[in-house]
Amino acid sequence: MVFFYPSGIGVKAKIAVNGYGTIGKRVTDAINSQPDMEVVGATKTRPTFEAKLANLRGVPLYAAAKEFVSRFEDAGLEIQGTLDDLLPQADLIIDCTPKTAGYKETYQKAGVKAIWQGGEKHDLTGVSFNSMANYNDCYGAQFVRVVSCNTTGLLRTLYPLYTEYGIDNVLAVMIRRSADPWDTQRGPINAIEPVLKVPSHHGPDVQSVVPDINIQTTAVKVPTTIMHMHSVVAELNKKVSSDDVIDLWKATPRIIFVWGSDGIRSTAQIMEYAKDLCRERGDLFEIAVWEDGVHVVGKKLYYYQAIHQESDVIPENVDCIRAMLELEEDKLKSMEMTDKYMGVC
Amino acid sequence: MVFFYPSGIGVKAKIAVNGYGTIGKRVTDAINSQPDMEVVGATKTRPTFEAKLANLRGVPLYAAAKEFVSRFEDAGLEIQGTLDDLLPQADLIIDCTPKTAGYKETYQKAGVKAIWQGGEKHDLTGVSFNSMANYNDCYGAQFVRVVSCNTTGLLRTLYPLYTEYGIDNVLAVMIRRSADPWDTQRGPINAIEPVLKVPSHHGPDVQSVVPDINIQTTAVKVPTTIMHMHSVVAELNKKVSSDDVIDLWKATPRIIFVWGSDGIRSTAQIMEYAKDLCRERGDLFEIAVWEDGVHVVGKKLYYYQAIHQESDVIPENVDCIRAMLELEEDKLKSMEMTDKYMGVC
Amino acid sequence: MVFFYPSGIGVKAKIAVNGYGTIGKRVTDAINSQPDMEVVGATKTRPTFEAKLANLRGVPLYAAAKEFVSRFEDAGLEIQGTLDDLLPQADLIIDCTPKTAGYKETYQKAGVKAIWQGGEKHDLTGVSFNSMANYNDCYGAQFVRVVSCNTTGLLRTLYPLYTEYGIDNVLAVMIRRSADPWDTQRGPINAIEPVLKVPSHHGPDVQSVVPDINIQTTAVKVPTTIMHMHSVVAELNKKVSSDDVIDLWKATPRIIFVWGSDGIRSTAQIMEYAKDLCRERGDLFEIAVWEDGVHVVGKKLYYYQAIHQESDVIPENVDCIRAMLELEEDKLKSMEMTDKYMGVC
Amino acid sequence: MVFFYPSGIGVKAKIAVNGYGTIGKRVTDAINSQPDMEVVGATKTRPTFEAKLANLRGVPLYAAAKEFVSRFEDAGLEIQGTLDDLLPQADLIIDCTPKTAGYKETYQKAGVKAIWQGGEKHDLTGVSFNSMANYNDCYGAQFVRVVSCNTTGLLRTLYPLYTEYGIDNVLAVMIRRSADPWDTQRGPINAIEPVLKVPSHHGPDVQSVVPDINIQTTAVKVPTTIMHMHSVVAELNKKVSSDDVIDLWKATPRIIFVWGSDGIRSTAQIMEYAKDLCRERGDLFEIAVWEDGVHVVGKKLYYYQAIHQESDVIPENVDCIRAMLELEEDKLKSMEMTDKYMGVC
């Protein structure tokens, strides 16, 4: 098939989205903002307000399986069929289902390429994706996993350090929000909960993309909904200044700086800032680094970064589509296009 | 002066905003979305990220007073002058400063009309505003107070009940969010705090707009940032059904319905829904009422409503400008125009 | 059987506790503090820290069923047998299991009297208990339900109003903590969630004890762990002053007063106050009423009360044992004894 | 003066407490539990519920200064005089006032020894205290600072590692509770706030007691009230196993172990466990370490510890009194006595 972009002829790539929820609805909007791809349908298991919104916003809605069809009928919500009807229309499906679901075989049978999210294990696909770090490894691939929000965040800032200066070792402590803003079932309401498996899985997850980064991580869950925070200490192979690092990151896509001195003292003011940037849903697709929190002591670089868990992987999904469907060979060109149409810094 | 609208000739009304913060920045955007008014400048006391954004978004920035000028200079942030330079350019100023500030005399001297927000007392202006309830009372007025987010919320749903059925009495319990999302200084983190002054000030505040509504209120603060909630019991003068009330409210502007059965079980899912509606900043200008939480028992109407404290008063501010500057005589036409350009339901 | 008390001869009543958790461990301590009853054993399904503590504190520990025995063996935690071994030793069992469990038939077969907690429905036992309101109704009963923490709280303050002045009607809004302090699984972290079934079940639950109190209730869940709060408006049959009501409640057991003017502005300071009273676990067995939050307007009495959900029903359980086992005929004498040995005001 | 203990003759040491608040009331109770010291009076600036409780519990109450006397009179609360009346009665005063207060000169003039808390800087006294690490350095001293709850926590676990194995370097990330449970004024309610000064002050604070421990720290504030958490990585000079470390700590006073496998997954269950131990106020004077969170990888030791900010320094204050007043020469004997009478593990 000849795709529309970059030749300017042919058709847009046809993308399906399995699971129109937190990630699914954002991926849908991001894809539809791009000139070379479009969403041909999205699935839901229940007729929730998000399903209704899909219809309102013109996203063709499908039941995720036959057994869910009656739910939509009972709620008077129009659907276009089921996942089985959707798959043949798609060049690639983005799986945004909870990690317990196992659709791999279904996608294989349908002969459709697929992207999973970071809740899945690396072994499911054998290849994990980050736009800057390993776009080319995924070029033309059948099945790829886009790594989680936290791993994406670590790679965004560590990968340029790794290529530019070399990294001796990294210790990152992940202070994790416990639930998404809409997720009112999960706690804790008033506690800090450590991940007792040490080091935590985030280090190996970074290495699933860049095996040579020597990184250990620990993690704690805290009672907030709005962002993850990382306290990172990276021992570099080269002696550099804070300003060197800041300049390096300023030249790197999808990193933005915030300043405590501007009144951005916490994740709450970052989210306020993102709202003021007037992105859709108040999302922050970039990793936010406190410029006045970047400090180099000897060869040790200390920094804090904040991760908008609902949205930082969205541009990576768009790039991953381009790589897998061979829409664009050059990672930087793909990233530039993605960011331009999504309004990313 | 001949204003642009509705004649189609003349100029846009010139509006100044004193205090480009939570309310100020929203009012600015709302005004600039309208065809018949524009913001000529906004003030700040400090060069925060919000001040930087004003500049980025093309809002002429002024220091709120001379003593603050050096702060902006030190931060390298361009300003156009001070409040004294801004006032002569404006037909009307919207005061969004904290309630401790006292600018009335300044505005009087400058001969500029002014709107205050609900943190101020009724006595400051002698007239309090709600678009539906008393637009005409404020027509041509010099100084007006737009009532608070909670009072606006109560009036939105009570006023149509009052005019349509008559109200014997209302008891409303205000379960208040303790801080705005960006406000990380205030607690509590884990407590419920009653307002021991009983009945609370919200009842008299409703009566500052519609004196004949017999309403008592109590209030508690709870550790959440995202919306106020009201549990209301209104004893009506007429026996009606839940469906009657729902139909009445469906015909009323600036009320939207949500459903627990759609998965909107709390204020958190309402805010998610608002994000999905793709309003600027994820705001919800309407009052959200749970349709499956509206129940009539005898003559008592029970309902729950949720109030987006940062934004529900924004359309009222726009209408209030129109009334005070005599841009539009008909409240419904003003509301319709406001809502159309702001994207309100 | 001749029980020890009040005759001074005979033996202590033998009590079993099914479920040594939040309520079970408190009931155990309360019972063991009394001169006329003792706990002969408590069950657990898992070898948690609470199970270990039971052993440490000399409470005979039993597996709740045979299938759980191996869990305790694997954890190296000594148990005395299973529920089947415990039941024959007991005159009465207190069921503190989650409400899904159904042990009624088991207790019937074993011929042991039983008390359930307020999570169960009234129909399970046909009789619901509050010490002050209907002690005598439960005298000698086989199966009784002690009403929930919220219903107990409502009855503590409403029953004296009802008997002394008569109540025309009550509206109570329950602002409910969403999870116990130890319960880190449940949210919400940042939301207010209304109970859309209106009126809520708390009104009928009060009436399961005192059918003639005309009460409607609504309820919202808020993100705090430490106490429920009630905002109550009671329309009395008699015109009285705030001081009359305060005096009445001061003469009523298990109500304490707190003052905003003392710095007790919220549930957090009440819990601090309870810690300073040096009750076991920092519990507050009494209902806390803000004295400076009691206001009478016409015939309407407004007040706020706070409920320590983990402990206010504990003294009622002790009294309920005395009633059911006919250890004491006079409710006030039972309450006095319970309170004396538990250190309740 | 000949003190009572250990000789068995003479009198108890007379201790004053300046500031009967969160720390002050706990120190008072701890001192009064010991055989060789007693509190002769405690001060307050306001007649709060805590002041009332002091009177109730027989602690002689003084106004912190003359200007506060009328507040107590107005509230009808009996006081014994002012700080000036209290000082001459005391051998030593424990300063538990907020860190802005400056009483040093007052104490000097009165010729009374004084202990400050960790909110003060090391320079105020020139000597900082931890029972295990430098008891002898403070023997007979005039003015000493007991380090903060977090620094005390770090020293409790690091000092034995340092003496037994040697420490190459330590990185500790402090995940800090944002407010005490009673403190409802402070936020944030829903945010994570990094301390942008990196490394944070906690490392140098550890070194104020043991200069040779090479430690860097970073810190974030999170919206919880009940405990601080530390994620620590210590690079040891010796290769040891997790079991070695656990055994070492089990032989160290004031460290207790908890297990995720027992259901203690977060700070919330630790606090529940402390309540069940039936310490006064549900306090936890020990540092809680997750045994199943201790992991050694190469020479790197990873562990999590939780700090009860309101109480872990209380036993250190008692030991510090003994050192300064030369009541006991041997640190271990002092610690043993303190712990025995306070019920510490």
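Labels for the chains are A, B, C and D, by order of writing; each one numbers its residues from 1.
The working rule: a contact is a pair of C-beta atoms (placed from the backbone, for glycine too) under 8 Å apart; a residue touches a chain by one contact, two chains touch by 3 or more.
The model shown is predicted, which means the values in this text are computed figures rather than measured ones.
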{"item": "Pair sharing more residue contacts (C-beta pairs) when A-D is set against A-C", "value": "A-D"}
{"item": "Between subunit D and subunit A, distance of the C-alpha-averaged centres to the nearest whole Å", "value": "44"}
{"item": "Euclidean distance of C-alpha centroids - subunit A vs subunit B, Å", "value": "36"}
{"item": "Euclidean distance of C-alpha centroids - subunit A vs subunit C, Å", "value": "48"}
{"item": "Residues of subunit D whose C-beta touches two or more other chains", "value": "181, 183-184, 188-191, 193, 223-226, 265-266, 268-269"}
{"item": "Contact graph of the chains (line, ring, star, complete, other)", "value": "complete"}
{"item": "Contacting residues of subunit B [partner subunit A, same complex]", "value": "25, 46-50, 52-53, 181-184, 189-190, 225-226, 258-259, 262-266, 268-269, 271-273, 275-278, 280-282"}
{"item": "For the subunit A and subunit C complex, residues of the former touching the latter", "value": "178-179, 181, 183-191, 193, 223-225"}
{"item": "Interfacial residue positions of subunit B with respect to subunit C in the complex", "value": "171, 173, 175, 177, 188, 190-194, 196, 198-199, 216, 218, 220-227, 229, 231, 233, 260, 265-269, 290, 292-293, 295, 297, 300, 302, 304, 306"}
